[in-house]
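There are two complexes below, and they share chain A, which is joined by chain B in the first and by chain C in the second.
Up next, the complex of A and B:
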């Protein structure tokens, strides 16, 4: 559980940094397309960044149907 | 290229292609920066025929339907050919739909065979709707060793020795059933014949020819009408090569242009804009003197390519730009969704022409395409050879509904004679799109008559398909409209779906402001939809919806009432 929280926190920090959005504006259940103002290709760019950070390989389909940070964190956590 | 007039079916033309160019490379499949597969036409045949033979043994008969749900990869095309070889009808489904939607379309199409990627199959079998599933044979690709396939076969093992019987089809026989929409309850399965495809292919490659050595980068999903034609049939009947990327990550897409020296690519606006963003950032990062020189080169290029592109000259003048695209790129195709003219012009000025076109699945892919002689960023080009277009009931500005006829127009909607009769009238396909011809015969589009949007990712979204997600919303009634349908904008792009809410009597005091709880409920339900299908705003309507005797909402009447009473400013963004 603590790991889940840590993963989520790291994702929020990385997303804020990559898309230059104040960290405090992001919450776990945000629709990241809307909050970050990004399209699905930019979301894939974020996935690449997360792969490097967590040192895991994430196929594109891991993002299919996912639009909030919490679910994204659980998908990544499952591969750690 | 093959003379397509000589063939009666896609299967026959593809069969000839496999024998005509045995040693040419037809497929390259790359996953990120690793090449996974490289096949010659002869290799392709060797992989497809044992599959066709195994399908025969599985009682797949001529006229039977087989669905494919896969991302872009070599097994997609190999399976499609095996299906055509046996006289089957292909049902290409969008792999980005949900499992429930896949099951709905599989049932509607009555597919006997399904070819599906493992992760998608897993989602299908876990879906509650899986109980109603009735496909006879399922082939799953890339399943991990020991995986439980729930009665399916492993694609890689599903092959038999011996020559399969090639089943000839006639031109009027059905080749594909392609769903243009309808996951919300009324599936629109466009029934397309072999003639539709052969004629479309002939017209397209007359404008943009392929030949052995040409490499087409397949990024749009292969189930998409454009990629099926330009990323499969077109290259194959000319001995060219298709490059599949198993990822859409921008860094690998950019890399693929260079690594495989791509000749053509089809893109949706979202990808083209992504490339534009990257390129602009690079151009802005160069030093001032270099930027000055680049500006001069662009000006010279524009001067010499004003009337028609000259890629050889552009490659010399703007070497660094063309190097970033692999140095062999001749044109990029785009269509299906609105493309900003400024983006098209940006690429053209750099000597990378973007051929903007217009079409719809019902018309067998493409109706108009820019021939670039001269390049026109503000139009979707002229009708393809063999396509006849008309503007119906033009207004004072010459704008009316575009209607099309020709050999590429679909036969009918599957099992829906009523919708077919509404859509194809006296042999003319009513597109629902509004346009006019300019003095040079180029078509310009100005919006839609139909209640739907096309996203930047090229997806057609119909309100009826997503309304069920809001079932049970605590309001008196609701329905969804395309904002531009209520308030015609005489333009395309920036399209949005809106939720029209009729509140319960006790909620009426909230007037234009939605209560926080209701707003949150709408947001939560919206999230159940894929991001490209979501509604962007809502509007509160203070009267009961007009309904027919059968209690169906009179959408046309309601849209008109809203238009007369409210302005677009009344939309509350979600």
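Up next, the complex of A and C:
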């Protein structure tokens, strides 16, 4: 559980820095497409950055329908 | 014509290196205008190759090297045509683009793809005609065609099969998933992974190194090691055109083109 929280925190920090959104505006259950204002190409960019950051491989079909940070964190956690 | 500035791409020959830059918004989708300009390039390349030793392909788009075929144009072009007519028109497009791809693939120049960001479908197929692939760490590779009820049609499967193991081809093709540059290097697709925004610089450095070698030897080495899989390429066109008449394709293209979803590039 502690690891889940740490993963989530790292994702939120990375997303805030990359898309220049104040960190305090991002919450775990936000729809990141809406909150970050990103399209599908930028989502792929985020996916690549997350893979490098966590040193994991995330098949994109595993992320199908995932649009909130919490679920994204759990998908990454499952690959760590 | 040692220099050209088109609507979708530009090229310049300088110090023995031809640089071909793709610059069509949003991510260099390949439609009829890009094809026309690629054909112009293929003709110009033949004339320039006596003054050059290397060719670098790259994108000026931040989003990536190339997101593949222009699916909107493909879908709109097929509207109002009967299926066989649409298939004929697609075959003509494929035969033209295969000529360009084969010309670059078999060029006596040593060719380098300098990649960033999205390198999907036809974009990956364009990269695969090059002798060397240099990718920045944000590059991402994918053959998404099965999502549309199609197979890659610009020569991707035969070239990937030529260059890598069949298992990698099956993984990319049958799952439709994308993978990053590190993984691409692990499977042997990419020769160098460099920092974000550095692929063109790295390709230029590599091209400068290539210029030190005897041209005749380099040409002989390339010809020996890189056969063009003509039979498989022709078969790929035939399979693509046969699939193109299936209802799943129209449905897949319609879904992509009309999608309001934020994720049309995701599976």
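One rule holds for everything that comes next: the second predicted complex is superposed on the first by the 80 of 80 C-alpha atoms of A that agree within 3 Å, B and C clash if a C-alpha of one lies under 4 Å from a C-alpha of the other, contacts with A are read in each partner's own complex, and residues count from 1 in each chain.
Here is the rule we use: a contact is a pair of C-beta atoms (placed from the backbone, for glycine too) under 8 Å apart; a residue touches a chain by one contact, two chains touch by 3 or more.
It should be emphasised that the depicted structure is a prediction, and the values quoted were computed from it without experimental measurement.
Participant: Would you check which partner chain A:22 touches, where first means chain B only, second means chain C only, and both and neither mean what they say?
Facilitator: In the superposition, A:22 touches no partner, neither chain B nor chain C.
Participant: Report for A:52: first if it touches chain B alone, second if chain C alone, otherwise both or neither.
Facilitator: second
Participant: Which partner does A:39 reach: the first (chain B), the second (chain C), both, or neither?
Facilitator: both
Participant: Applying the document's definition of touch, where does A:68 land relative to chain B and chain C: first, second, both, or neither?
Facilitator: first
Participant: Same chain A residues contacting chain B and chain C, which ones?
Facilitator: Dual-contact residues (chain A): 33, 39-41, 44-45, 47-48, 59-61, 64, 67.
Participant: If you look only at chain C, which of its residues touch chain A in the complex?
Facilitator: The contact residues of chain C facing chain A are 26-27, 63-64, 67, 117-118, 137-138, 140, 142, 175-180, 182-183, 261-267.
Participant: Within the complex, which stretch of chain A touches chain C?
Facilitator: 33, 38-41, 43-45, 47-49, 51-52, 57, 59-61, 63-64, 67
Participant: For chain A, which residues count as touching chain B in their complex?
Facilitator: Spelled out, the residues of chain A in touch with chain B are 31, 33, 39-42, 44-45, 47-48, 59-61, 64-65, 67-68.
Participant: Contact residues on chain B for chain A in the complex?
Facilitator: 71, 96, 98, 119, 246-251, 270-271, 274, 456-457, 523, 527, 530-532
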